[in-house]
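Both complexes shown next keep chain A, but they swap its partner, so chain B is in the first and chain C is in the second.
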Partner chain A sequence: MSNLAVSARVVRALGARSIRQTFRRPQLISPIVVFPTLLLAIQTGGAGAGIELPGFPPVQSFLQFMLAGSMMQAMMLAGNSGGIAFAVDIEMGFTDRLFAAPIPRFAIVLGRLAGTAALGLFASIWFFAIGLIFGAHIEGGVPGTLLSMALITASALAVGGIGAAIALRTGSASVVQGLFPLVLVVLFLSSAFFPQELMIEPAKTIAEYNPFSFIVEGVREPIIAGIDATQTLEAVAAIAGIVALGLILSARALRHRLRVG
Partner chain B sequence: MEAATETLTARAPATPAWRTNLTTIGALIVRAKNELVRVPGAAIPGVLAPTIFFLGLNGVFGGLIHLSGFATDSYQSFIVPVSMLQGAGFTGAAAGVNLARDYEQGWVDRLLVSPAPRWVLLAGNVLAASARALIPATFVLTIAFVIGANWPGLDGLVICYLMVAAMAAVAACWGSMLALHYKSQSAAPLMQAGMMALVLLTPAYAPLELLQPWLEKVARINPVTHVVEAARQGFVGSVTWTDTWPGLLAVAGLLVVLGGLALREMRRTNA
Partner chain C sequence: MPAIVVEGLQRAFGEVFAVQGIDLAVDEGEIYGFLGPNGAGKTTTVRMLTTLLLPTGGQASVAGYDVVDEARQVRGSIGVALQEAALDPLMTGRELIRLQATLQGLPTAAGRKRADALLERVDLSGAADRRVGTYSGGMQRRLDLAAALVHEPRVLFLDEPTTGLDPVSRKTIWEEVRALNEDGTTVFLTTQYLEEADQLADNVGIIDSGLIVAEGTPESLKGEVGNPHVELLVGAGEIAEAERVCRELGRLLPPKDAKRVLLEVEHGAADIPRVVRALDEAGIGVESLELVRPTLDDVFVDKTGHHLEPEEKQEDEPAEDEEPTPA
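Right after this comes the complex of A and B.
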């Protein structure tokens, strides 16, 4: 069997394990599904009147506007949960056993990321289903839906890379878990929950340059208006930047882990 | 030998039960405080989460005050009591998680074989949560004042803190009930999500009249709406008895119901 085929099998097996692990542990799945769904309901019901504000982009409903934000939240928490589970594997010695196995090291990290990406895809399907059940229109139709799903899945892979790097570097689940508030900070300082033009300073200015704002706008546009090439490309560029950062950090952290054991 | 025992019994001053119970509750509160002093980092998430929510919601939804029907021009004043109550909810839920951890480590079993009544063991955990909830509340409030929240007046402040302490007790009863039922820290998300829903399914983000119809209906039957409005009154207007007593009644009712359920679970534990 060629090296590539072996790596693909390892990635597939570890990815499947990562998904099963998440669904078996309530503390890993609930941040991906329960909290974002709860916040979606609360924010839609509580701040829904905001669409009447002058300057709010034309939308069918606040739920339609919020779907992208909820997917982003679930995707980022999937990345965090993936990092926590990876750190637990390190703490329990499972990763050491994988390092000792005759498999490429990058496949170990990629397996975890494949699982995180699959959870991102699951989150996007979940929120599209909720949106459609509660009457949100998807203006971009099937192609728009698929594009948003692809962007969320790729973003989960990107964010998961940073979570994996921190897990490899620290080897501590509690440290990775401690990043949970940071996820909220990043989201609040982006246009995930409200149009950037209507936010108040300093959040407004920070959101303008936050790469996650570009991603959320790329995911949102097919839902509220239709596919827009410029916003899609900006989202792809932002994801590529985060992937590159995650890869660099993961590679360095992996080297560190192999050196210190 | 019997005579000697009788003499000793007669001479030993019997400690009244209420005093023993108070001492036990005090010891449990001190234990919770020691946890905080010895592992200060453990308190950071409980302080950080409501603060991030406060600053985040203020930055994101601050523009809502321009909607007609908003009774205040200061969103930070409108939202700060909600964040304080949210902090109380997180702290109370954390008391449940800690109880589940204590159960997993065998500490609860040791407490249960002690002669202390079950309600005393529960009260120690619940009152400790009430006291701990004042830390995130004070932190969030300080941040709110720094960014320009209105001074609620001394009476408004006292009522707000009372509601925070009472909500933490409610959340601790809820968390303890789940901890004793599931006997596992895995129930933590349920403890936190339950309290988050209870506090946020209220006029948390906007006045009742501006909520979407479904949330308005839920908020009108959610008893915590009265708690939010009682805690908020000083920040957005003046303090009145009309806005205060429903809040007091709501927390009392929640404490009776959830405290009763938690006590039932505690009595069932290892029965």
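Right after this comes the complex of A and C.
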């Protein structure tokens, strides 16, 4: 079997383990599903009239508008949960078992990221299902749905890369867990839950340059209007940037961990 | 050909040298016991030899491969069971062994077959589909050992495999280590238990403060620190007379308490009849008599000036027929 084939099998096996681990540990799965679902229910129930505000983009319902934000939230928390689980592996010595195997060591990081990406996909399916059950119309149809799901999946991988880098660098689950509030700050300073046009300064300017705003708009557009090439490309570029950053930071943190033990 | 060769191996963490330039060689098919107290440098050495930690000086090869330049080949040749069995409590035993088989590059079908065989070998078939978190300490160590064997490694590193286990589980692990060694596997075993090194190892290296202070077979090391001695417990008021008689038979050692006489005997058990006759002729009543051989602790004391006293932290060990409390 070639090295590449062995690495691919390892990535798949570790990705599968990562998914099982998340579903077997309630504290890892609940931030991905329960928290964003509750927030979606509260916001759509309490702030639904917001769509009447002047400047609010034309949408069928507030639920339709909010779906992308909830998926983003679930995706980012999946990345954070992935980082926590990786740090737990480091703390309990499980990564030593992996590092002592004759495989490229970056495959271990990729395995973790594959699991996080799969959880991102799961989160997008979950919220599309909720949206459809509660009457949200997906303007982009099946292609739009698939595009949004793909963007969320890729974003989970990107955010997971940052989480994995922090886990590798610190080896501490508490440190990664401590980033949880930061995830919410980053999201609230993007257009995830509120249209950028209706924000006030300085949040508006921050949201304008926040890469997660580009991603959320790329995910939202197929839901509320249909596929838009420009917004899709902007989302892809933002994801690519975060993926590159996550992989570079992960590679550096991995080297550091192997050097210091 | 030696399975492990270490020359001047060092590891510093900042200003502190955890391993201060050690040399050792382990022959193919040997069980090498690496004995030392907590913090002596045993685990740091194992981590360097298993490519988990880069040395800061010296060199080492395992199975003929350099641990720095040919790390991946080293990892393909070794099995590793690290201290405090690094197992995921949420996985089942079967999932863990299968994952290990994948990590070692075994094809899926072969990996599954091997996993079943290993679980059978370590007597965990019945618990294979339970989560590892529900296993007792002894079961976890056996699973860890099985995982280390999945690719039939040439060299097996066991870092304190029985620390915290009860005597029965400890003995089970010993039997398994002996069986593996009989099959030709070289075993590098770190331990803080004197008896473990004495029972299992062909050769022992004693490490203290990052330096190897003694190396050799357990018998030769014990031979270096002196002859066996007879420990006599005599009645009150007869100590002085017993010491006088014994002094004519050999060298007296410093007594442990006021009721005992310690007499060094050159020929071990063969000297006992002579001692008993002399005491009997002098009319001294002996309450008990014991032949005491030097232990590796005596070697340790001789070389380092202090005792090797492991911290006994026994894991909660339910009986094998008990259902352990799920985690």
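Simple rule for what comes next: the second predicted complex is superposed on the first by the 261 of 261 C-alpha atoms of A that agree within 3 Å, B and C clash if a C-alpha of one lies under 4 Å from a C-alpha of the other, contacts with A are read in each partner's own complex, and residues count from 1 in each chain.
Here is the rule we go by: contacts are C-beta pairs under 8 Å (C-beta built on N, C-alpha and C of every residue); 3 or more make two chains touch, one makes a residue touch a chain.
The model shown is predicted, which means the values in this text are computed figures rather than measured ones.
> A:24 contacts which: chain B (first), chain C (second), both, neither?
In the superposed model, A:24 contacts chain C only, not chain B.
> Have a look and say if chain B or chain C is in touch with more residues of chain A.
Of the two chains, more chain A residues are contacted by B.
> In the overlay, answer first, second, both or neither for which of chain B and chain C A:97 touches.
A:97 contacts chain C only, not chain B.
> Would you sort A:184 into first (chain B), second (chain C), both or neither based on which partner it touches?
first
> Now for A:43: first (chain B), second (chain C), both, or neither, which partner does it touch?
first
> Just to be sure I read the superposition right, which of the two partners does A:34 touch: chain B = first, chain C = second, or both, or neither?
Only chain B is touched by A:34; chain C is not.
> Just to be sure I read the superposition right, which of the two partners does A:13 touch: chain B = first, chain C = second, or both, or neither?
second
> Report for A:58: first if it touches chain B alone, second if chain C alone, otherwise both or neither.
neither
> Jot down the residues of chain A that show up as touching in both complexes, chain B in one and chain C in the other.
Touching chain B and chain C on chain A: residues 25.
> Quick check: in the complex, which residue numbers of chain C touch chain A?
Going through chain C, the ones touching chain A are 13, 44, 47, 50-54, 72-73, 75-76, 78, 80, 82, 84, 86-88, 90-91, 95, 99-100, 102-105, 107, 131, 147.
> How about chain A: which of its residues touch chain B in the complex?
25-27, 30-31, 34-35, 38-39, 41-50, 52-53, 62, 178, 180-181, 184-185, 187-189, 193-194, 198-200, 202-204
> Within their complex, state which residues of chain A touch chain C.
1, 6, 9-10, 13-14, 17, 20-21, 24-25, 89, 92-94, 96-103, 258-261
> Under the definition above, what is the set of chain B residues touching chain A in their complex?
Contacts found on chain B: 44-45, 48-49, 52-53, 55-64, 66-67, 185-190, 193, 196-197, 200-201, 203-206, 210-212, 214-215, 218.
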